[in-house]
Amino acid sequence: MNTFGNNFRVTTFGESHGPAVGCVIDGCPARLALSAADIQPLLDRRRPGASPLASARDETDRVEILSGVFEGKTTGTPIALLVRNRDVHSADYETIKVKFRPGHADFTYQEKYGIRDFRGGGRSSGRETVGRVAAGAVALKVLAEKGITVKSRIVSVHAKTDPAGIEQEILAAKAAGDSVGGIAEITATGCPAGLGDPVFGKLDAAIAGALMGIGAVKGVEIGDGFAVAGRFGSENNDGMTQMGFTSNHAGGILGGISSGQEIVARIAVKPTPSIAKVQQTRDIHGNATEIAVGGRHDPCIVPRILPVAEAMLALVLIDAVLEEEKYR
Amino acid sequence: MNTFGNNFRVTTFGESHGPAVGCVIDGCPARLALSAADIQPLLDRRRPGASPLASARDETDRVEILSGVFEGKTTGTPIALLVRNRDVHSADYETIKVKFRPGHADFTYQEKYGIRDFRGGGRSSGRETVGRVAAGAVALKVLAEKGITVKSRIVSVHAKTDPAGIEQEILAAKAAGDSVGGIAEITATGCPAGLGDPVFGKLDAAIAGALMGIGAVKGVEIGDGFAVAGRFGSENNDGMTQMGFTSNHAGGILGGISSGQEIVARIAVKPTPSIAKVQQTRDIHGNATEIAVGGRHDPCIVPRILPVAEAMLALVLIDAVLEEEKYR
Amino acid sequence: MNTFGNNFRVTTFGESHGPAVGCVIDGCPARLALSAADIQPLLDRRRPGASPLASARDETDRVEILSGVFEGKTTGTPIALLVRNRDVHSADYETIKVKFRPGHADFTYQEKYGIRDFRGGGRSSGRETVGRVAAGAVALKVLAEKGITVKSRIVSVHAKTDPAGIEQEILAAKAAGDSVGGIAEITATGCPAGLGDPVFGKLDAAIAGALMGIGAVKGVEIGDGFAVAGRFGSENNDGMTQMGFTSNHAGGILGGISSGQEIVARIAVKPTPSIAKVQQTRDIHGNATEIAVGGRHDPCIVPRILPVAEAMLALVLIDAVLEEEKYR
Amino acid sequence: MNTFGNNFRVTTFGESHGPAVGCVIDGCPARLALSAADIQPLLDRRRPGASPLASARDETDRVEILSGVFEGKTTGTPIALLVRNRDVHSADYETIKVKFRPGHADFTYQEKYGIRDFRGGGRSSGRETVGRVAAGAVALKVLAEKGITVKSRIVSVHAKTDPAGIEQEILAAKAAGDSVGGIAEITATGCPAGLGDPVFGKLDAAIAGALMGIGAVKGVEIGDGFAVAGRFGSENNDGMTQMGFTSNHAGGILGGISSGQEIVARIAVKPTPSIAKVQQTRDIHGNATEIAVGGRHDPCIVPRILPVAEAMLALVLIDAVLEEEKYR
């Protein structure tokens, strides 16, 4: 399933070292002003090659709108977005052609499909998120017109929470041929009460699925998350007054439906599995071997995951907003 | 959306104090031996009235198979499962007719629909999970035939981890007119490698959505979950040998696809919001007021959430198993 | 797939001689006044035992609302509708346990599932349409509030078009142990322009799929249908004026989207395959044999198909109406 | 909805005079040998500019595979197919910018979206079918490996059935500034028994929806279609013997499930609405006016609809085949 959403449906395609990556958006409202300039900034935040903290792969990631926009406005038909791959060093990947990288999808893709595009991880590469981010940028523009904004921040990297400590941890890991994990927070403000559907279509369920569906994410919390496990109900319930709520432990969602408060989610991001340090692994013939992963990799994916997480939250919200409008 | 799954599709219906709750299963393989006796045990584990730790509502929860089974075997047609509601004390709910219970879906349902069945929480009641558990029992039977088993356990309640401490915390909270939260773990063994789809259909994304879609769940972890945020890649990667993996930090899923290891998920469960203690709230006319929630409520939902969580994991797995068989 | 629709989703269940038939409606707007009395009349029109022209099976077909309605109004949650089967003569079906009835689904169900509920045709029986008609009645009520009405009529039976001739053909076929086919027309008035989606979600495509999905239907036409194949464009195009259209050859749909004109569809209904006349067939062991189908069957299904066809058109239209409101 | 299928999912995009048309295929089995050379022939049969009977628009329609294929084989990931538009004469369309063409989607798109890409009909153009045909070619390759082949033929044009008469009718209509309709037949051989799902997922329902979803199609028949309306059951039932069936009035489908016989469908194709003859219409300001449609149009769409109809039947069949394999 490479399609996300029921109302604002996004289908992504493309591999790390194939000709292109991109997406098709089906269900975007008509008459929205839209140009590549609306999409490029979020792509630029996701782009590699821009910081010593990230992969050195140099991609300009220029997006082309192939359809669905006429005289600068959406027409209600599918919006196809295309980004060509450029800085492809496939030679870097001869090693992983025959060896499974620990912590990677190499082994499971091979088991599932009996074939895999090993160049740069193929479809399992973080490069797949270009399509999500491009679509998310369009969703964010629609949401902005409805007064909804999405933001994100790094909560911690390798348990450090201040910017200087975070940068130091990342550079130290890089120098050691290693990588580090962290936690990020994504929030949405301006959501009306009433978004989300009972039972299987709960807004928090959709958010959890969307965020856990980003590679490297191993945990998702809504509101106070795991902290609620150690509380009394009398501590955890958000009281109500004439004016609204007295607290927001729930993270803006009650019974799977938005309450009108700020929506708050956090994700646990694992350390990048591609590291230069030698690791124990298996080759495709089943023999034990060792691997030191070359190529250009991020020592910490937390900074670059932020625009992806914003995009995914935006896709969940636009879908819920359109669903809700059906019954207004 | 009251339907779950793409291949083994479950649609649930029913309110806490309506005539009945139940589900329709569409896509169950034909020729599976099935009777009510296969479904009743999991329902019995979910049933209230069975322990001093749980709600005193006394429901026998006898399931009736309305369709899809002929001479003791499934026919491939929809299986409708029905459980009549019996011990309904709607009079208990006159208070919540006019006052929103903090931490509950009362407010958000009212905002969304402009109407709500306030009796026992209506559709937002935990009683809705009867349909899920009934369907989950069928899924578990299909999975068992494929060698896959699902289990669960309480990890902690209000930070206590031993059975005696857990029981003490629950009874103390009950005595105080309060409630407590906790953490549960759900595991699946016997899953073949290759389950789950890349990108939006990742197995961990589906599990996260399914578990976060259970009322009261505020966080989901796969494998080591939030702990990975404080690790180096060299610590977190699961090495491989000829025989398999050297550890299971990943919780049995790599790149969204099962690796063949045990699948491990944990959920954070909030303290039941319905408590006897007085809380600050608002009435349906917008006035500030106070509420002490009467009725029969669980002081801790963690024990009764276990069969529900097993059911949801089973529904995710059977869906992935059937999807995978399409391409074998 | 026993679920129909994307927005107003109907899942049906039940076999001809099982305990019950029914449906679950998910996505019905909240606050609609609804009681069994709104559903019963359409079920009564579908009901057998009411006319010498139809099957003698005597079913009262009383519908029970199991969920989704509170104090006489829909709540936005799933509406489960149940009809118990009563007049079940399973003994009639011992013959078809071992012999495939020509023109029936006996053979294909056996091939597909390796098992079949042969009693009365099981799930392939026309009795399955009880769930569709019950759901259609709810859809018709929602549509009526939006000014949309659906009607149907018999165009011809065995090439006769006047009521007396039609009745005569049916009774003559019955007397001869045979059956006859015919054509029915279904129309909808009051539909706004703009319903239906381009490409795969065309309104006429949805109508064609919905009507062809009724057992016994072998052809579907929109507007002038097959007659257009013999025309010039200058004859077939519907001209426009300031006031509207000068004709309606298109049947109210242009480019898959409603034009605001009356929507017109026609269906070809095959003669009931269950006939008393001796036919050549095969038994389940693969041997050639003969069969004379006993039991109580309709000599012509056209009169009883009308409420089913109205229901299906209503389900298509309510789905399109809700889809459209998303973008208003 | 610009996505077709549940298992082999095709999303198309693009407008007649935009930068490109194409599709994304999600769910194609892995390890299928695939190159542009497998897709090009079916696109060439659909291509304009190749015959005096068709539009003079000159498009080479070269397809580029953007993803999902590695070293000549599919990998199980989405296959994006791109065709750039080249011979675009947008100037031809200044007239239709302000006037609605009778029989066209101009009016309904404007009503639905409040905006339309009027250049060449935008998304409602037959050019949209490039994406369908490209996807259909991939489906046909998968089907061929399973022994299933799809063919089509012209049954009649303007009531003529022989090739010479058909060509004469088309050229005469063209000379008169008019157009003509016709009937086409699409057949599939080699389908195993058991394809298609009961009730709403019937194979004939899926075929009817797929074929009626092609622009210009106004009627669909399965097997003997409308002819069955004038028959007795004893005439219409297909008898069975030890060897198979004695006839194929049903067109290879019983109870919505394939019987193993040849699948036969016919479509009624309306005369192209774009004609040079003067017609009565309305402008976008609501005033009555006249229109003579310029540009390069097909005087009869029946010949060029054949590859599109084959593609759609192939998409239905591959979807059903994959669905069926789930339960093997």
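Here are a few things to note about the model shown:
Chains: A, B, C and D, in written order; residue numbering restarts at 1 for each.
What we mean here is this: a residue touches a chain if its C-beta (ideal position, glycine included) is under 8 Å from a C-beta of that chain, and two chains touch if they have at least 3 such contacts.
Source: prediction; values computed, not measured.
Comparing chain pairs A-D and C-D by the number of C-beta pairs in contact, the larger count belongs to C-D. The distance from the centre of chain B to the centre of chain D, each centre being the mean of the chain's C-alpha atoms, comes to 45 Å.
In this assembly, the C-alpha centroid of chain C lies 26 Å from the C-alpha centroid of chain D. One finds 37 Å separating the Cα centroids of chain A and chain D. Counting partners per residue, chain A has 1-3, 6, 12, 30, 76-77, 112, 123, 198 as the residues that reach two or more other chains. If touching chains are joined by edges, the resulting network of the protein chains shown connects every chain directly with every other. For chain B in complex with chain A, the residues that touch the partner chain are 1-4, 6, 12, 100, 102-105, 107-109, 111-112, 123-124, 128, 156-159, 173, 178-183, 193-194, 196-202, 204-213, 215, 218-242, 246, 250-251, 253-260, 268-275, 277, 279-282, 286-288, 324. Residues 6-7, 29-30, 76-77, 198, 322-323, 325-328 of chain A touch chain C in their complex.
Interface residues of chain A, counted against chain D in their complex, comprise 1-3, 9, 11-15, 18-22, 24, 26, 30-31, 64-68, 70, 73, 75-80, 82, 112-117, 119, 122-123.
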